[in-house]
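Below are structures written as structure tokens.
Look at the two complexes coming up: chain A is in both, with chain B in one and chain C in the other.
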Partner chain A sequence: MRKIETARRGDRERRPIAVIQFPGVNCEFETARAVRSAGFAAEVVRWNRTEGMLEKYGGFILPGGFSYQDRVRGGVIASREPVVGIVCEAAARGMPILGICNGAQILVEAGLIPGRTDKVEAALAPNKMPGRTGYHCDWVFVRVDGGASFLSGALGEGDVIPLPIAHGEGRFVSNDAELFPALLGGGQIPLRYCTAEGEVSAESPVCPNGSLLGAAALCNEEGNVLAMMPHPERAAYLYQVPDRIGGAWGDRKSALLEGDASDLFRPGPGAVLFDAFCCAAAEGVS
Partner chain B sequence: MSGKLALLIGHRVEDLAARTAEETIRRRLDGGEALESLDREEFWEFRYRTEELFEEKLTALIDRAELFVNPNKHRWRISTGGIAAGHEGKGYLLKVTNREDIDGDVAKHTLTMQYGFRGLEEVRYGVLWIIRLAEGVVGDGPAGDAGRALAEKIAVTKSRDSGLLVNPHYQEWSLERIG
Partner chain C sequence: MIDIAPDITLSGKERSELIRLLGREPSTVELQLFDVLWSEHCSYKSSRPTLKEFLPTEGPTVLQGPEEDAGILHFTEWQGVRYGLVIAHESHNHPSQILPVEGAATGIGGIVRDVVCMGGELIGVLDPLRFGDVNGKRADHSIAIARGVVKGIAQYANALGVPNLGGDLFFDRSFDQNCLVNVVAVGLVEEDRVVPSAVPRAATGEKYVFLLVGKPTDSTGFGGATMASRVLDGEETENRGAVQVPDPFLKRVLNVALHDLYDRAQRRGIPFGCKDLGAGGIACMASEIADRGGVGVTIDLDRVPLAEEIPPFVAAVAETQERYGLALPASFVEEALALFNEEYDLPSIYRGARAAVVGEFTEERRVKILFKGETVCDAAVEAITTAPVAARVEGAAPETAVTARHDLPPEKIGGALLAMLASPNGGSAEPLFRSYDQEVKGNALLRPGEADASVILPIHGCPVGAAFTVDGNPRYGALDPWAGGAHAVLEAARNLACIGAAPLGITDCLNYGNPEDPEVFSQFRGGVRGLCEAVRRIGLRDDPGHPIPVVSGNVSFYNQSETGSAVAPSPVICMAGIVLDGANVVTLRLKEPGDAIFLVGRRRGDLGGSLYHDVVHGDRAGAPPRIAWDEETAALHAVSALVGDGLARACHDIGAGGMLFALAEMIVAAGALPAGVSQIAPGATIEIDRIGTGLSPAETLFCEAGGFLIEVDDKGARALCAAAERGGFPVFRIGEVTERGALEVRSGGETIVNLDGACLFDAWDGALRGVFQGV
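Now for the complex of A and B:
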């Protein structure tokens, strides 16, 4: 939290954040709103912008949705677009990049995540759930479990936050059996599915998709690129949190329902992730 | 009686997934300019051991229940000679299945529990891509090897500019030449 306060004081030049709108995404405007709530300017930018038109931005967010209608595989068509090449170059310069849900699929299919080589090293496979298949939508808990990403500027090891998920292909996998243990050891699995009490599990129903090691997010080695399946923009305000989820956030929501309705627009559990992203953007890259 | 058959499903109208993949390969991937056309069929493979007339029962189910096929947008055929049978011209068939075939497992459960299919041993779901390369790329001898290598390069994802149709981290594939 300390780094965020520094960033919010605006002691560095603040460049706006670009939320890239591919054909078929549907979370770009609430994502931009969540960035603005973190104190930064955000612009929704169409995917066919050229490199020169993107120079002014201090960070890129690839939002959730269904780019190109999930044709072939979720995110794979968008990952081949020239704008993702620009994102790759920005990532190499250290610029913060956040992919949410479909945006995470794009980053994985582009080879930016986990980014140990210039190859595609992993996939977001169809959900694996006992007795059912397809799209799954629910609230889950995730635990901060690695210090490599920009999230460590805002969240502490072991912090547990509730977030919504909504995906059909959200299972982080790789055919390299050594990859995920190595990522865990290197702090590159910064969010893992867990119980409300913080116990990590890769099994349903705690883990909603069968992800290896219960991974909810992966980051690159440098920590400036993060791909996450949960939707923090859908938990950026307290009113978005269902009181049924229990825990501290559920209790907070229930208490507010009895009080001043304006308090419902206070930051929700997802807001801190945008704070962390904006903090990283404020630290600046070339 | 044991047997195996495949249900192949194509589109009556333009297959937008195939068109998008075709354009992406041509415009974005190394070697993509050699792609002449790309088409796609979904398939279900059934392996069974039963005294029932499996093919007749499956055909009746497709006609009446529309479980696998929407007749308003799909055309379909049953093949007892494997999924490669019935494809004309020169090119390559890329068969893609998920390593953990959840759709196949669910279909097997549904057919067994809800539609009374007995002796159904396995159901597999996948996508068959029909890759046709430009004239001269596919030929016999060394040209054939080069064509196969190019089809594989187009198909199997290795990096952002190489391969599109398969992600080997969760999918299996095979490539078969036709014509």
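Now for the complex of A and C:
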């Protein structure tokens, strides 16, 4: 946590974070808001404004939504946009890159995640749950295994974080049966769906989409690019947490009744992910 | 493609009136235009006098009443800026019956434009839905429509990025051939940045042009308004062309670009106007925005971007989705064109989409439409915007029905409760909650399903919440149209009270059959009277003496099957409220073992139109619950204040299903955990002899007289009892929250109901899973 404090103190000299607005994304404004709450400047940047981007920004976030209407498959069309070439370049320079939901789909389609070869190695397939298919919006729990990613250090190993999901295509899959075990071994699955008590599972209802090994997020080998399906910006403040999830966060929310109105805007369970991202951005390009 | 002018629905009298107004025979374009303008859907010709007669539309909470695309309610002030809530309500019943997915999706698409064109940032949608009987003769059809509608709403709103803030669901055979799909959209606006639907007065000094932006115009949605103004004739396939084609992707980009334009113009003090294109397309939108600005307009159809070759009468009135019209000063128009066409690059992201100048506003107050150099429409603005009135006859009031009293021996009450929980009208709407995005925008404080009303914190850092609920019980409307209107408002006010909100205002959607039928017209008049009495009797919590204002709404007639039976009279209310301190809102699930459970409100054995009579006895006759106005309104304002002060731990209103049903919901709500049900706890034990009604247990437990169940600690209990004393309404300490996750009811020293929480949960949770499977 000391790293985060340092990052916050130094935020005025830091370069802002770019939240890229592809046509059809719809979480760009609340994502930028969550970055600002983590102590960093953030700008929503239109997809076709690519000039000078690499120099201007200290990190890139690809927010959630339905870029290009999920034509073909979520993220496919956007991954061909010139701005994604700049994101790849930034990734190669070691800048932190975060893809959330549709942003995660774009990073996978661009081949940045898991990024072991130059090819697209994984995909985000339609959700698969017993008795239902398609879009699913709910709160889930994920267990942190920071591994290679920029989450490690900032987040505690084995921490359990409640976060909301909202997607129709969130099942991490691969044609290569050995890929996911290898990713797990290499610390490239930093978030996995789990029970409230922290027991990881790839089975419904704990895992809401049928993702391999219960993966909720993947990172590249270097750890600076993270693709996650849950939405941390929808859990960035305490007021957003539903009391029905119980546990420590549910109790904290219920305690609001005895508390003060300003407590509503205290950090929620998702805030720590933005802290970790901003911390990585503050450390700068390696 | 449509190349032959379709039948005109204007009556002979209306046609003569048109000839008189124009001083000649109308052209094809004029005929189509007036056919739309004078349709029931656009002109409210049957309903307008009744609405004007009864509905209060002004008051201390009103910034903008019903004459605009949407109403605006004063919300709050934060850091020196005053904010309003923009609110609009529409029906998309006929299109959804014909093509459920597209019909419902374009319902959302249309209503959100009404909010965005007023300058509102979209913050939510709500969806009151009425479908046919899913167990009856046409069950498969009803299920297919229900699934399609939910899918359409989910697809459009989720992609647009607007959270679902609630809705309600009702299944009844009167909707077998005519579903009701009502949609509400809400927005947030800074009060000094409201965008007028008028050409600015400055237009008389500087030249103002008509900029059309969005999807290229095609023939989709041609005849939509007239379709909504007559009974569906069973030839549903013939009407398909009148259903619009949705595109939330384009709408999202369009809305972001439009807000960018508003921002630039407002920062530089450039006056402008904006209006969405809905019924009647380009011609109607341009006429209305010109009329409100006191000017005229000339539209050049050759400059309208088209998706296909279409005749002028189609281009002028087609209801192609995803379009807005702007009145901009000529000096600003190049920048606006560049913003849409280059910066946001509309032409590249959607084939044929763009902004284009298609006309100009004129000092001469005439609406002229040009096509290939010829004038195809030339009428005085007043002729176009003066709506006709259709005198309708009111039938005799229906006779008051006698309510049978179906009792049950105490040992059968538990089984009856389970049957009600497992019924389509009693079960959990969880499948819908999981299909809709409840979280996008990140403002959610209470989501649909967590409490009786949803609450969002739309201004970051500000603890003031905006609360919303939609209500209407067609079982009551069918028995007594007046009660249908009155109870819809009461239920909505109780729902807001449960989370500590004070009402700000209402937007309504009034769904009835054919108004030319005197019986139907009297149902409509009765519903409006009931609604009106309730908003006056309840009044504003913090401004007593003022009725709750109605700031926008919609009337939908001709909801009737081809064989002539009308839908159950269905006035639907959306009530908006304000929560002063978001930290004090409570969910409805029971929380702390040992806490007291209080009943607020007398049990009187009203069972007519109850869920209990319907599910357990198959009886849908009788009279809806009587309303004890003084006691009930005092109670709901007191409960609202108590919860608002942070003195309740859980609160749920008693409405359809009665007291036992409400208590069961407070237990099973704990089971809706993200990762499946592990354990249902806590539970409750109540002693009904403490109520002392002289009624049988079944009459006490299933009576639908309005009331509340509240969980409080000792401090809350004292406050509630004191409030009851002051307000003159009855409260009863009926039991407590228990560690064990079960529901126990005691009477006469014996346990008459003892049901395990998991058993209650399974019945409730499974009720609609089959209906909405695969949505």
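Assume the second predicted complex is superposed on the first by the 278 of 286 C-alpha atoms of A that agree within 3 Å, B and C clash if a C-alpha of one lies under 4 Å from a C-alpha of the other, contacts with A are read in each partner's own complex, and residues count from 1 in each chain.
In the analysis below, a contact is a pair of C-beta atoms (placed from the backbone, for glycine too) under 8 Å apart; a residue touches a chain by one contact, two chains touch by 3 or more.
In this text, all values refer to a predicted model and were calculated from it rather than measured experimentally.
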>> Based on the shared chain A superposition, would you classify chain B and chain C as clashing or fitting together?
In response: fit
>> Just to be sure I read the superposition right, which of the two partners does A:Lys119 touch: chain B = first, chain C = second, or both, or neither?
In response: first
> Is A:Asp263 in contact with chain B, with chain C, with both, or with neither (first, second, both, neither)?
Replying inline: second
> Does the superposition put A:Cys88 against chain B (first), chain C (second), both, or neither?
Replying inline: first
> For the combined three-chain view, what is the angle at the C-alpha centre of chain A formed with the C-alpha centres of chain B and chain C, to the nearest 10°?
Replying inline: 70
> In this superposed model, does chain C or chain B come into contact with more residues of chain A?
Replying inline: C
>> With both complexes overlaid on chain A, does A:Val72 touch chain B (first), chain C (second), both or neither?
In response: first
>> Which partner chains sit in contact with A:Cys137 here, chain B, chain C, both or neither? Use first/second/both/neither.
In response: second
> Nearest CA pair across chain B and chain C in the overlay: distance in Å?
Replying inline: 5
> In the superposed view, which residues of chain A touch chain B and also chain C?
Replying inline: 68-69, 132-133
> Which of the residues in chain A end up touching chain C in this complex?
Replying inline: 21, 23-24, 26-27, 29-30, 33-34, 46, 48, 65-66, 68-69, 131-141, 162, 164, 166, 195-196, 205-206, 231, 233-234, 236-237, 239-240, 242-246, 254, 256-265
> Can you name the residues of chain B that touch chain A in the complex?
Replying inline: 16-17, 20-21, 24, 28-29, 98, 100, 102-103, 106, 157-161, 164-165, 167-171
> What residues of chain C sit close enough to touch chain A in their complex?
Replying inline: 154, 158-161, 248-249, 252-253, 256, 343-345, 349, 431, 433-442, 444-445, 447, 450, 457, 460-461, 463, 581-584, 586-587, 589, 591, 646, 649, 669-670, 672-676, 769, 773-775
> Which of the residues in chain A come into contact with chain B in the complex?
Replying inline: 68-69, 71-73, 76-77, 79-81, 84-85, 88, 109-111, 118-123, 125-128, 132-133, 171, 173-175
